[in-house]
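One structure follows; several queries about it will come next.
Read from first to last, the chains carry the letters A, B and C; within each, the first residue is number 1.
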Amino acid sequence: MLEIQSIKKSFGKNTVLDGVNLKIEKGDVVVVLGPSGSGKTTLLRCINFLEKADEGKAIFGDIQVDLHKASKKQINTIRKRTAFVFQNYNLFNNKTALENVTEGLIIGRAIPKDKAIKMGKEALDKVGLSEKYNAYPSELSGGQQQRVGIARAVVLNPDIILFDEPTSALDPELVGEVLEVMKTIAKEGTTMLVVTHEMSFAKDVANRVIFMDGGVVVEEGSPKEFFENPKEERTQRFLRRVLPEDYIYNI
Amino acid sequence: MSNGLDFEFLIDTFFIALSGVPVAMIITVISLLIALPLGFLLALTRINKMPILSQFSRVYVSFVRGTPVIVQIFIIYNSVPLLLATIFEKYNIQMNVYDVNPIWYALIVFSLNTTATLIEVFRSAINTVSKGQLEAAYSVGLTTVQAFIRIIIPQTLVVGLPNICNATVNLIKATSLGYAMSLPEITLKAQVAANASYNYIEAYMDIFIIYLIICSLVEYGFKRMEKRLRKYKIAPAA
Amino acid sequence: MEKYFDATYIWESIPTLIPYLKVTFIVAGLSVLFGSLLGLILAVMKLGKNKISQNIAHGYTTVLRCTPSIVLLFLIYYGVPAIAINFGINLNDMSAAFFVVITFTLQFGALMSEVIRSAYESIDKGQYEAAVSVGLSNTQAYWRIIFPQAFVVALPNFGNSLLELMKEGALAYTIGLIDVMGKANLIIAGNYNSHALEIYIGLSIIYWILSILIEQFFLKLEKIFSKGKKNLKTV
């Protein structure tokens, strides 16, 4: 459903993505792991055109775009088929929770207002924020803000949702509520590409894990293979660092 | 002078000075209406480093903020008639440049001046509204224009509100220099009244009180607005 | 009256005007000196616990913020001698500079009180607590930790207030002070009001250059003094 071919991106002399390939089928939950600075965020941003790749191709169902030379119209089409959940939420500060969720529907998609509001309320209900329709971001906790962020993405019913470390700005006690919501929408068959450091999410929810380092995909496989039997030396080192106990246990 | 204040004059002149308030307010409001959008657009040219326009705004801001308003007034007041006279002559327009209502000069000076202030206000306010807001707007399918109108500009106004309040108060105060263009505003009206009897202290007390009332009201209005809009402020990170 | 534009008047006016910057500087310097003292007192009142002195200081600042310089200038120029005469003091022969300095001291004091207050409040309470926790006395904590940091925060605002003062000071000509602005008006009057535009352009160039110099000076100062702050950013 989404295929990314040999995407490359440099910032000055710093090559951040050095030919990454990616294939995601409908309903897949793909988790991207990798050390900080390995280019995970840049990959997601290039897919959504928040960053312009130097080269690469995206095949999106029936459409094919050059990631470097995409036209405005193509960019808009792809953005309408994708949604993004940001590490620092990026809720619109001047809009209530409900307005945040309906903004893309009413303005971006020209859906009638009353219908959009109905959809927005449903989305907020789904993430457990029925009480907070009219709260502004400044009146919400981090976990609540991120749940609005997820509702804002889900309501657009996109072909795929891109998550960039959705829980890493949160206090530890708030991580659970967000992961729970992500698990729910994954179970409903939402296609997701998730950058995260939450290994439990990768193990329990993902059906594929990709390990990136130095701007390339080092290894990929099912969570079971990946965690129990990593093939690459670099993957093993990474897992030893992030899961010391599990790793020893599994061996 | 030691015989104390002339209260009758004080009260009479208060109302004379008060009759200059509409002119001061008209100039303030129109100048703001011109300067707010212009300042915003020029701030964008600076942030996006647009060639020529951004250098132009930089020099413009530097000059306006580096010279006294009274000097700017004298420059406009002496140059515009010269320009107009040349134009009138060239196109054979039968009109005397000295018949031009001084309110026009005041509008030119104060809109140009306030624009410069607001360029700086918006520049820092836009920088405060994070890039993430624009990206989030793109990610839900808004175009750049839609994102600015619905997300970026409202937030910029909220962040910049205290400074916009300052700029407004400074603008109102600066209209007191309209006397230099023979503009019949608060200060000039009271001055003229005082000239007859040399009751300058009373006249200036009247002016002082009027500005105090106007500026306090404006500040109060802005404070209320700030309070109402406080919840739009940037949300805490965690 | 000739009404054409002659740029040579601009270049000729500048050397005539520059010596009069001395008056501008003296008046501004004295106002800054006394105004900073007044600002410090007002800031202490605002930061103190006494509600009455807090209200007085805040009220003073509000009133001054709402008063156009020209209005304050004339109030002082006419009002101070009128009050003084009741105490048997005759100030009618005082030079204009005297009233100008009073006016701008009052105004600069109001500006500075806010600059000092906000600089002080911007310093995190933790700084004081940390200082005391490593054994510094109350006074040491203030002198060695709080004030140096507050100073750096206040510096750019102090620079801005200074520029503001210099520009507002141009109005002193209205009560007869012969500074650069006053001299420019004299030159124009001497020319029977012709070529006013050229003289004012010359004057604006002087002010502009002066502002840029002051601005650059404060940017340099900020760089020198904010060395310790760099660490904050990279962390």
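Assume a residue touches a chain if its C-beta (ideal position, glycine included) is under 8 Å from a C-beta of that chain, and two chains touch if they have at least 3 such contacts.
Note that the coordinates shown come from a computational prediction; the quantities given were computed from them, not determined experimentally.
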Assembly fragments, subunit B aside and the remaining chains unmoved: A | C
item	value
Most centrally placed chain - per-chain CA mean versus overall CA mean	B
Far-end chain from subunit C, centres as C-alpha averages	A
Distance from the mean Cα position of subunit B to that of subunit A, given in whole angstrom	46
Distance between chain centroids, defined by C-alpha means - subunit A, subunit C (Å)	54
For subunit B paired with subunit C, centre-to-centre distance based on mean C-alpha positions, whole Å	21
For subunit C, residues that touch 2 or more chains besides their own	none
Subunit A-facing residues of subunit B, complex	129-130, 132-133, 135-143, 146, 150-151, 154-155, 158, 230-238
Footprint of subunit B on subunit A - complex, ascending	48-50, 76, 79-80, 82-84, 86, 88-95, 103-104, 107-109, 136-142, 145, 152-153, 156, 169-171, 174
Residues of subunit B touching subunit C in the complex	1-2, 62-63, 65-72, 74-75, 78-79, 82, 85, 169, 173-174, 176-177, 187, 200-201, 204-205, 207-208, 211-212, 214-216, 219
Contacting residues of subunit C [partner subunit B, same complex]	3, 5, 62-63, 65-72, 74-75, 78-79, 81-82, 85-86, 163, 167-171, 181, 196-197, 200-201, 203-204, 207-208, 210-212, 215
